[in-house]
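Each of the two complexes below includes chain A, the first together with chain B, the second together with chain C.
Now for the complex of A and B:
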């Protein structure tokens, strides 16, 4: 596993190639089919647990798009999933398994909050100061996330340490250390719960269109802008070309003069920079302070499903994120209005990933059942 | 090639540095902070290490069989979670708490893991699912469904106190110094683990079946030519790896006595550590078990530091095994994996 960096790349190739070789319709068919089938299995589990599956299905819909409030919440999660999904897609596209987006977003988020808290006393109050601090926070998150991802990149490129395992370990380490700090040195004396100081007023993204204080159209705009930059960067720049070629065929890239080791480090860094941004948006737009990271949603893991559904294409990440944003949002609804334990949704996400891993099974199922959707 | 030798030289240098740093840190602790070394390296510590290492060693032995035969079972972590939740659910449902019921729960956990692994094996081998992505999926499914099941059963993701496995104690012999406590006053599950490790070594290196396993990973075509069904061997090893990971999870639960489903559940990365354990052990069951001891020891240090009143946060100390894994992987990155791992095999016929 670890002596041959080309191997993981090959493995990824097979999944990506299978999806990439497929026509766009087939790809969409597989993605929709995987999600639909996983949801169906979820409903069967609901029924087996003695609850009403139809009621649960209805709650999923109501909880995601049933009201303006629910829809805004869906968009809020969609924003996080777009950024996290792009972070994963950047790495997967280049044949590097960054499973550490969760840890990188935690590191990015805490760096964002700390840099703002430290600089706040030196900045004048008011909207200009707030906007300045917000920018500083975003920048700090990008730098911290990038550095935290560069470490496993270096370990993989120069020491052959398998990045799947190092990034998972670094998730545990980031959550452990930040969790300890938030409960210790960073916790204000008057805080009843485990958290940092509140971000100063004025820091944040204005709500503008929707009235939800935890969602700003600017956040979504930022996420879409990142999608645009990454999509263009991957297809139109020589660095992007090198990255994608290394992912597609490592040996060919090496022969054409690409430095494979530097590409790995650069890819991981870029992926981590975007992941750091997830943490910053989470802290600034949603939370307003930082909490024990073991209590933060597993956006970094779900993003793996998002990216795979999108065949690791940054543009495809957008609709996939909308779907996952809706799922996550209905989860918040289910938690309050249903007796069905909300963890079911995490399980459903896992099943989606399993189906995406085995498109062959899917094609066979489609053929057997005579559903035309998956054939072209 | 210069690239390869450069990497190995770098690694050697780094390994030396890591070792030096560890020794220096230990020396500083002993001299500067007057840490009583003899109170840290106690018999109790050794016993705890054995108990903490057992689940990791079991999953590692399973995982190395699968990988030796050419299938990378990255789902170990997920199957450990399934093993732990199944054992907990069984204990809770039968409602009794004798030692026999603990054993029953372990058997049920292995059985359920086997069934789940069967489906996984079909996906990997028959439908040529991507081994890495499918393995991650197993983890995610475990992370979702184990707390889900816990909530259904107990209303929260944490189980109430359940029965746990007692140590056996041999009269008189258990009073011998050191050996007495380790051999004759021990958890039977530690002994079971030891038996599994030794049996796995014997089968892998001393039986015909073990050679088939190795051949399935190194040269499947040759094995096929010799008339052995490659995929049948692979099905067997993947089933074994799932069963061992499930057993590891059940052992973890039987020692702890409570299921914890918060965060990354009570398994908390042990399946991933198991993968590193067998890499570090160079695919040798005994080597893997020794590596598991190292990681178990790092985990056990937390308790030792508390008993000698060193005020380091337990949460930070708990991160030691993860740091250890990264150091091991970095220094020991050169393991040679079986040459056909990850490649689905299709017979010519």
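Now for the complex of A and C:
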């Protein structure tokens, strides 16, 4: 223990107050500054490991925006990060810590694929049938993701179970069971890899602008539309005010007539619905079938960093996702086109996450512990 | 005490600014040895800032501090403590999960062979407690979180004494205490003075200051208005110095007579969170044009009763009616929409979202009420207009709707809450401690508004631990003790002593009741807390939930 607890506390208090009081511009500045600083440190690490940092930097740029292919790959990841980031942001804003986006997206994804596969025999072939099935798949994913997230919501609201623990455990359950099903009953006899049947012809999002088979501007549009709906819902509706107020100060929300239990369940459900969409977009736009969920990228977890970087603001999630999408995209490029080992790339992404997300994390911690609070 | 001895503390021309705000403007202050000196002023007048300068928390921009005649400068509270100055903050600085003993010795542990010598510490603390008649040594092994606020405060005082403080600063020490605990504290201060300590006592409550202090320094807007001897001044004079204008303690005579019952309960019983019956078979009626006062020592079931009235809790038995319609199971939101407004007990936690600006706070509680919300969609321009109206009508400072709620002083926060709650034309107002921690100017304002609302036809339930407030506002006072209404009395014809007895659970004898006729003038006199001192303190926890 410090022999000077009062002073340590004061110093902490000042730092916390500074962070809590930062204006929007300052926070954007902090985010941009820390990203730049993190990349710089990353280059130093690369140089220290004996690689050419300039070449590495060049590869990063080339790998994210250097070609049409790289650019659409960046946008593809960005789309997933936007949806997953919004799912996390919705919950965090309401003071509910949904760490289960990964599990919810797996459940949403498999629900999407299964509903399409089951209904396909009853639907005429062709573009109209395909579009119809696509919509059904998206809808099924939203419902399944929402229900899967409502479960920890109910457990928290009515039985006091900590949502951080239950959502993490439900991640394992979703990944385990879906993994078994995809490798077992759902795996076609002729499949060489662990996967479901292919989605029928015509199901999917047409790429329209770019000729990348794994990216559609419609997918990105869907993600941006979700951002818009959530942002408007949070700021301009009674329900959004209830939710955000619960996140800021649950006692005041309750006194103002908010039913805290229902709000927790509703928040988790909404968060899970958006998470379910991530799985659907992954299955429909990128894969065309569903794979072993342990092989799906950790979008649900990275989304926590995306959301923190965006200060849990759904609109802020868009630029944050662009950054993460670009890093993810250039990571896969550097892995192939340079001798920098993949672990190092992950490490650098880690530094970026640490730098950009840490200030926001401290803000949330400071709020929870009351540092930098109501002193005048 | 000799005339030549230097004062315990002398502050000369202390100036302290925060940005453009001058919190202290060349303030002089002189604390005589072995005296109790009150620092009186409204919220935001600079009392706490001045003391934080003395305690080394802030560094003054100009001016000097003398302790025992020596000029001193303190870089930190540690320096101030070394000079024998201790401060008990409004928000206690105790580690709640740790025991009283651990808290007292924290940072000054007696060490024996590298280990904390708990026995030595215990002995020393017990000696201290015996000397001053503290009861703190009964709880040495109890975690602080299990103690009531009054006991925690005494732990803080013992902690300061243990560190060798000769001069004690108490910042609003009575804000968190019940009337009985206040009385105990004031006795304790006397005791400390008698043992040679000098005390500074920050307050904005006139009665207390008059009862406890030898000398009173009044601060207003960062200036020291005057220093007077308590014996030579009056409530009226102090209030004028504090506010800067005449303050009326007279209430206008009521014009309207009570009308139809608006809110009623029928044999309401509530089993509390710990399985104990907190409210038993309460029948309550509030009429239009009426203020019903509920008196009682905190922790006698008022909180649970309030929750059943506002809709935050479903009672275990009994019914609640609004204008004759049963609403027992109706939740807070529907009750709010039906016209039951409420001023919360805890304005910081429940009344305002500290991080929100005043516009967003103006929506709190109104988020489903037209015109601020239509079919679930919010109309922020209507909310903003509402916020501006509240600010103007209730004289909220600063008059800036974009100010963060947490940055306002307590009085202004409370005015804003009162303004918001009565903004959508309710039929019933549940007002829990509407002026707790509020300065005199705001208090007068809120009282006047409540009386106006009564004239306009509201039925008001007023829960307060301040007898003078109940007396000034209520048409009827019911006394709540251990969950039941044990008596209903007339606010004018009942003395504080009698109310105190009732609050302690003793029903008034027939005889005593007859006597009250002769004592009807007592209403204007200062509270006589003698009787209240007999009220047994309810053991902790209850009020800390």
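We adopt the following convention: the second predicted complex is superposed on the first by the 321 of 376 C-alpha atoms of A that agree within 3 Å, B and C clash if a C-alpha of one lies under 4 Å from a C-alpha of the other, contacts with A are read in each partner's own complex, and residues count from 1 in each chain.
Basically, a residue touches a chain if its C-beta (ideal position, glycine included) is under 8 Å from a C-beta of that chain, and two chains touch if they have at least 3 such contacts.
Everything numeric in this text was worked out from a predicted model, so none of it was measured.
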Touching partner for A:122 - first (chain B), second (chain C), both, neither: neither
Contacts of A:245 with chain B and chain C, given as first, second, both or neither: second
Touch count on chain A, higher of chain B and chain C: B
Which superposed partner A:164 touches (first chain B, second chain C, both, neither): first
Chain B versus chain C as contact partner of A:356, first or second or both or neither: first
First, second, both or neither for A:254, with chain B first and chain C second: second
Chain B and chain C contact sites that coincide on chain A, given as residue numbers: 3-4, 7
Contact footprint of chain A on chain B as seen in their complex: 7, 10-11, 14, 67, 72, 74, 123, 127-134, 136-145, 147-148, 151-152, 157, 261-264, 268-269, 272, 275-276, 279, 313, 315-316, 318-319, 322-323, 325-326, 329-331, 333-337, 341-342
Touching residues on chain C, where the partner in the complex is chain A: 76-78, 106-107, 311-312, 331-333, 335-336, 342, 344, 346, 348-356, 363-365, 367-368, 373, 376-378, 380, 406-407
Chain C partner contacts - residues on chain A that touch it in the complex: 3-7, 235-239, 241-242, 245, 248-249, 251-259, 367, 373-374, 376
Contacting residues of chain A [partner chain B, same complex]: 1-4, 7-8, 10-12, 14-15, 45, 49, 97, 99, 155, 158-162, 164-166, 168-170, 172-173, 175-177, 179-180, 183-184, 294, 298, 301, 304-305, 308, 341, 343-351, 353-354, 356-358, 360-361, 364
